[in-house]
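Let me give you the structure first, and then I'll get to my questions.
Labels run A, B, C and D following the written order; every chain starts at residue 1.
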Amino acid sequence: MVPLSWYLILAAALFAVGIFGVLARRNAIAILMGIELMLNAVNLNLLAFWRYLWSDNLTGVVFVIMVLAVAAAEVAVGLALIISIYRRRSTVVAEEIDLLKW
Amino acid sequence: MTLAQLIFLAAAAVTLVAAIMVVTAPRLIHAGLWLILSLAGIAVLFILLDNGFLAVVQVAIYIDAIAILIIIAVMLTRAVMSDADRQINRMGLAAAFASLILLAGLLAMVLQVPAASPAPLVEAEVNLDALGRALVDVDGFILPFEVASVLLVAALVGAILVAMAPARGD
Amino acid sequence: MSDPFVIVGQFIKELLIGLGLEAALTAVLLRIVGAAVLGGLVGAAAILTIWAERKLLARIQDRIGPNRVGPYGLLQSFADVLKLITKEFLIPRGADRYVFIMAPLVVVAGVIGMWAVMPLAPGLVGTEINVGVLYVIAIGAIGTLGIMMAGLSSNNKYALLGAFRTVAQMLSYTVPMLLTLLIPVMLAGSMGMLTIVEAQSSAWFILLAPLAAIIFFISSLAELGRTPFDLQEAESEIVAGFHIEYSGMGFGMFMMAEFVHAFTISALFSVIFLGGWQGPGVEAFPLLGLFYFILKTALIYFVVIWLRGTFPRLRIDQMNAFNWKFITPLALVVFMVTAILDKLAVQADFNRTAVHLGSNAIIVLGTLFILRAHAASQRRRKEVADRPQIQHSEAAGD
Amino acid sequence: MAALPIALNVIIGPRKPNKTKSETYECGIETVGEAWVQLKGQYYIFALIFLIFDIEAVFMFPWAVAYDRLQFYMVLEGVLFILILAGGLVYAWRKGALEWV
């Protein structure tokens, strides 16, 4: 059997990679991809804990499904915003979208 | 080393390498395809965690829907940012540093988890019947269930509103 | 004696254990062998179905069809495969090499993967998982991904346009498909394919949910990209679609995937709505179940070919409007009505079949009524719009 | 363990054809120059609606599995779920997002 800590280490590494993507990429869509990685790391963690500690209870599974639904909603609206900004301002670079700065 | 451990290591390696490619690939389309591979690796891990249902859901939602949505968005917006452009911003090094620190912190925490709790598995596969009932039971997750549908509709309406607006306005 | 498949499996298992292998490893090996055999059989079936399709289409169009290679041209497809193998696998300049090579593999994997959960006969199924139906949808949609990869990597605008057309069509028609698949799952109380077949021992689901079956059939036709939904290869608009740049076995794989997909969808329809291997005398002879299954699948496949020989191609806007404004709302209504009525029927102890047939008939009548009213209003609007130009041609109307 | 052959099948399936075409390849004869045309935004809308209904399926399939053991009000909740989503579809229709222009 795979030890629980392996899953947690993998999830932590995945989360860190995702964070790097969010912080470092210039393209807004790439930032969204980083967020997806982070959400998946969280899902992996949730499911690992569910399987090892609470597998008699459905809360973990329902939690993962809810995260999926929220992730989908977030991607849908986020990408729509990016497309809209691209149409109006012809950019997808996150640092150039700074209208609200001033 | 058991078979499950070997599969875990293979899937974990694929997931991590693909994830690193997602954040470093110079071409955005490739980043999207690597993202799909990474998500597929996660699906294999879900199978290892004895949850075939969520593994299939992972494929159905992430790979079939979200990844394709992302690739379509990349294709729609690719005219302005050529792939030869700089993809990593000025803070690239700082970001790498920050995420390494985060990783170190997380690992320090994770390694304190009591080692290898043996898994008492109640059933061979996740009980879909119980899940289905729990989702609509008043004592279960009825509120998240209905709120999810409202959330999805809100996302649909919002996304259509935002994405369609210029076509009408201009 | 009753189950030859189990016996063969046992035989191989004992043989392997006799060779000094561990039991767990043997089980895994057996799975791999089974998967390989299944994949090979599906591939061989595809080659035969290509022959059958060409022959039937030729008959429908008053031609003879392949008749040179082998008896009745049976070996024509093998000859084609041989030809494709000896052709060069070209990679166009500027193409995204690895993605380009991966794309046909992904498409084939998506289609073959669907057979893993297909129940062929009592006790003969690749693997019975409790999420079978959802698995089929998820794996089937991986083909979408492969098509998208082909379009993106080919460095060809026709390929790109064709791929995105295909993707939009497949995604759109998956929505009514998902909605109608909920109904058999609901009636069987399980997503496992084997359980769904077993639940149809008394009444096939096509009797309980005829409208759902029809909607499922139409949307899977669109998913396949078969006539009348074959816009993805509209030669006059986008040359050959997403596989324009592929040659040799790359092209062959796309073709094979298409035919296997058609066959798979027929099999899926017969499993979910026609009772799969159910039929008289199955309990005594499981092999008869395999025969029934293949017979039903072939019947559905014949209808698919028949439609291909009969219908013209839809325009892309018609295709989209048909899905979003007709099929999907109808599927939503059918699903809701079935869900409520089935519960009420069970509680009030009515005849389930009668209730469902009745409600489906009412929905059909209502749909026809709405369509007629809509068509009438459209015609009136058109008449008003046309009146200034053609005042004298009343007789030529319609 | 039961789900393992699925992964194996998916991996093994395509490999057989791969062997048959192990031959040299070279760069193409004719390529069509710049090929990345601008796509219609409509594709995004369709993928979006598909995504929403895909997630609906994830919620509804367990519900459908448990259907026989549900009470009547639970069935109504499922129908309400679908009804809300149908409202979203009607909105998209009204808004003209379903037109192919």
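FYI, a contact is a pair of C-beta atoms (placed from the backbone, for glycine too) under 8 Å apart; a residue touches a chain by one contact, two chains touch by 3 or more.
None of the values given here were measured: they were computed from a predicted structure.
Undergrad: Taking every chain's C-alpha mean, which one sits closest to the mean of all protein C-alpha atoms?
TA: D
Undergrad: What's the chain with its C-alpha centre farthest out from chain D?
TA: A
Undergrad: Which integer distance in Å separates the CA centroid of chain C from that of chain D?
TA: 14
Undergrad: Counting in whole Å, what is the centre-to-centre distance of chain A and chain B, each centre being its mean C-alpha position?
TA: Computed value for the inter-centroid distance: 6 Å.
Undergrad: Where the CA atoms of chain A average out and where those of chain C average out, how many Å apart are those spots?
TA: 33
Undergrad: So the centre of each chain is just the mean of its C-alpha atoms; given that, what is the distance between chain A and chain D in Å?
TA: 20
Undergrad: Could you tell me which residues belong to chain B and also touch two or more other chains?
TA: Where chain B meets two or more other chains at a single residue, that happens at 52-53, 57, 60-61, 64-66, 68-69, 72-73, 75-76, 125, 128-131, 135, 148, 152, 155-156, 159-160, 163.
Undergrad: Among the residues of chain D, which are close enough to touch at least two other chains?
TA: Where chain D meets two or more other chains at a single residue, that happens at 2-4, 6, 36, 39, 41, 43-44, 47-52, 54-59, 61, 64-67, 70, 78, 92.
Undergrad: What are the residue numbers in chain C that touch two or more other chains?
TA: Residues 28, 129, 131, 134-135, 137, 139, 164, 167, 171, 189-191 of chain C touch two or more partner chains.
Undergrad: Which chains touch which?
TA: Per the contact definition above, the touching pairs are A-B, A-D, B-C, B-D, C-D.
Undergrad: Residue numbers of chain D touching chain C in their complex, please.
TA: Interface residues on the chain D side: 1-6, 8-18, 20-21, 23-32, 35-37, 39, 42-43, 46-47, 49-50, 53-54, 56-58, 60-61, 64-68, 70, 72, 75-76, 78-79, 82-83, 86, 89, 92-93, 98-100.
Undergrad: Applying the document's contact rule, which stretches of chain C touch chain D when the two form their complex?
TA: Listed in rising order, the residues of chain C that touch chain D are 27-28, 31-32, 34-36, 38-40, 43, 85, 88-95, 104-106, 108-109, 112-113, 115-117, 126-129, 131, 133-135, 137, 139, 154-161, 164, 167-168, 171-172, 174-175, 178-179, 182-183, 185-187, 189-191, 245, 248-250, 252-253, 256, 316-317, 320-321, 324-325, 328-329, 332, 335-336, 339-340, 342-344, 347.
Undergrad: Per the contact definition, I'd like the list of chain B residues that touch chain C in the complex.
TA: 3, 29-30, 33, 36, 52-53, 56-57, 59-60, 63-65, 67-68, 71-72, 75, 125, 128-129
Undergrad: Along chain D, where are the residues that touch chain B in the complex?
TA: 2-4, 6-7, 36, 38-39, 41, 43-45, 47-52, 54-59, 61-67, 69-70, 74, 77-78, 80-81, 84-85, 87-88, 91-92, 95-97
Undergrad: Help me check something: in the complex, which residues belonging to chain B touch chain A?
TA: Residue list for chain B touching chain A: 2, 4-5, 8, 12, 15-16, 19-20, 22-23, 28, 31-32, 35, 38-39, 42, 45-46, 48-51, 53-54, 57-58, 61-62, 65-66, 69-70, 73-74, 76-77, 80-81, 85-89, 91-92, 94-96, 98-100, 102-103, 106-107, 110-111, 113, 115-122, 126-127, 130-131, 134-135, 140-141, 144, 148, 151-152, 154-156, 158-160, 162-163, 165-166.
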